[in-house]
């Protein structure tokens, strides 16, 4: 299957989630070659940032919790990276974050000049004290940041949302109205906290962290379902997807493409090809095309 | 261990969560006798309500999803129940909900006359289209409903919060300011959705439902941690607790009492005694009293 | 922590349909269901509802449920055909307590035959097997078992005219010894069977029915006295039954309101 | 889906502490850790930080980590005493590829002895075992193994004065045949060992080190070229090493910024 997405051709509907392995051209290329249709860079910020101290990522069995804290070399300190990436032969999303509309715009304008296929603005990361979150839970703020960024970039704009929004459909609509070309949902759930009872301390150095992996799938599916109801632009659905059946569920909720992050832990880097194959098999067993089932769960009498 | 809580003596710090088994005097009595310090009735509403059609409760392996939809006989249609309960010999929380400040006050005033030991107002249930939720995500609304209810009741008031609040500490503070005597947190997480890909339909008849059980524990622990920072009144911590170690974690986050609901599925009705024993054993192995560890995770250098 | 084996929600397609007279239909599924007679599953018809059903046939790779057409759900269920999709969760509940060496009686009323069918298949041939119904067409599985059966109907259209309790009383009066009586049918019938057993000091096992939501002992919809029918039951023995003051008297409506059994069943009609 | 055995976060208390000269300390724990030489665990000192450490002793019910005091974390780690609490996650990574029948050489540099110690214990006695360090006090476990060892130090304070590569070159020149060379130590040393092996067409296994966060192949902190050190490694063989252009040249800082190895190590100093 070949997929058209905002004017680009992708080899399959699988997307590498931002923040997972995506911090060098070499590894992004490897993820693409191992079978991922569209890869996302780790979110790039306005300034160099080390992120939080360890522990930053802990597995919980049915998912994981992380407070990596948006480490980034800063958009101005990545010359080698940008050079490598401009020579790439695979479709790429550059993810960015900022602490103000001005920062988002500044980073976006610069990154756009480096010609990624898409820019994704992360208005949803719960792990940083100053960055992101606020824009993702208030429709007016979402609208402001999206329209500001949209004006200064030459590539399609994807907006990544947080499930913490009181009504994620409202946020998606505000983004669409402001010119977003697609929605990506969801970022991590929570935040959560894990306390070690022997030391009486939160295990993550940042104390709180975002949840990802299998346990967040029901929240992610609900969010994509709500967004699909609210907007016409395509949705990249992610959150807890690890198998072809998970992906089909997400597509039926309304996703056109399906992202995975934590799944790399559970099924390895090849998980994108594996899941793409599982989707294909399911579709052909059921005599459907991918388009047939996008948003299929919205039909009242679907069975 | 015997516990003092808002002037009442409890045989242990375990609480039966509202909505779990708590719909008759007989069964509440059984839960108490099998080892639960404090039992909560299923939330009582202003009018008779059947709740949603089935499926309403589905197990997901690492937790469950439910959209029971606040079924209630309505507070005026429970004469036998109230009669039985007035004769009870165990401490009881009556949980109530409403669709407006007026309804909350009306139900609370009536229920207070039936002499439960505590009244809990559920300002957090995400499963009903008209009821509840709104009061739990906006501090001003929380304040309004809590002060209105507080004026018309003669028993201590517990407010049950939802993790969907953008800042649950703010909500807790608003409730404390309005006269709440304790906070209960959390209600279910999400909402989430599970779509069956063969029928292409959401499995729950109401489509969306709240998540509970082990997978929500990190969110619950974080909420209780945030609330403990924000208020001085005691906290009933619940969400995903199934073992003594889970309970200790919740207590270290700041809970004085620990509630359980879904755990009944995983470890049976005796789970309250089992967990109380596990807490006792852990405390004596570590030479602590329960008081020693309440909020212990807040000390900077705890280890 | 105990492993929960019954948590998965599984979609199955009807493999075969068997029409059991005008009132009943049996749906077969190719699926290896771990199961003990008396347990039940929650059956979901997408877009309609989800209800508890007992297993009426069971082998290593196949099982069936038998439905009596009553309300909206069961009327829809009997129209399902080969290839149609349902969801199941389970099995749930405790099941019957089976001691192969015991001399037992089985008393089935109407659709109460369904949960007893797989039990009977595990019992010795000299089991006393009593089966009653309103009339001929409500006798489920009239030809299914090798075992002899004593039939009765309210209108005398099949077997003897009268009630199952009379047949059981006769057997006891004739001097036949029973270590245990199993029964399933309308609650009033089971109540009479239980009382008869109490009179004769025979341990009894009864399969109760209440409105269910979760099926696994959490939501409280199905409580009957202090018993949680879906988890402690649906099968209760005499010692438990003696403590259930709501047995044959009260049940909870969907709203949780406690009502007389008559009102409960008439609500279920709508 | 593959079962993940290394997900649990476990708290352990130090069972025994062994001081290995001025530079090293070894902490023992009573815990049955599933483990293969070359794998590592993430070690959490509550309130301080979490860092990867290899296993330096391993038996059925006990394991140990050996720490060289360098920065904040490791200096704290060597002050831990019996009864002190640490958290571990793991083991992670692939481990060395061991073929018992092969003729092999083991080349350890400084603290690189730690991951090789449990490997050496699984190798035959005729293994060529070369061990170098800056000076005498950085020779870890000088008396631990039955096996003969060729020592060297930069300053000649113990064994021969010179580099491990010279010792290895001598052995090869003397006509000794190796099916494989295992090495762990400073990256520049390993790079020279690898090049020597390439020259002589000897397969080589090298254990790399990069800044780590998750330890299980998700966060990307540890990538080295297209390799994920925590999951594809930390042990890489010659065919992989040939493809890693960042081997001995580049590494990512905590921020993800790619820098020269020298800059990486000087950052790690702070």
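Chains: A, B, C and D, in written order; residue numbering restarts at 1 for each.
By definition in this document, contacts are C-beta pairs under 8 Å (C-beta built on N, C-alpha and C of every residue); 3 or more make two chains touch, one makes a residue touch a chain.
Everything numeric in this text was worked out from a predicted model, so none of it was measured.
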Neighbouring chains common to chain B and chain D, by label: A
Reference chain B; chain at largest CA-centroid distance: D
Length of the line joining the C-alpha centres of chain A and chain D, rounded to whole Å: 35
Gap in Å, rounded to a whole number, between the CA centres of chain C and chain A: 50
Rounded Å distance between chain A and chain B, as computed from the means of their C-alpha atoms: 33
Chain C, residues touching no fewer than two other chains: 46-47, 85
Contacts with 2+ other chains: residues of chain A: 60-61, 194, 199, 201, 302-303
Touching residues on chain C, where the partner in the complex is chain B: 1-2, 4, 6-9, 11, 42, 44, 46-47, 49-51, 85, 87, 89, 212-221, 223, 225-226, 228, 246, 252-258
List of chain B residues in touch with chain A within their complex: 60-63, 65, 137, 164, 166, 189-195, 197-202, 207-208, 211, 214-215, 217-219, 221-222, 225, 245, 248-249, 252-253, 282, 293, 296-297, 299, 302-303
Footprint of chain D on chain A - complex, ascending: 19-24, 26-27, 29-30, 42, 48-51, 53-61, 64, 66, 68, 71-74, 77-78, 80-81, 194, 196, 198-199, 201, 203, 205, 242-243, 261-262, 264-269
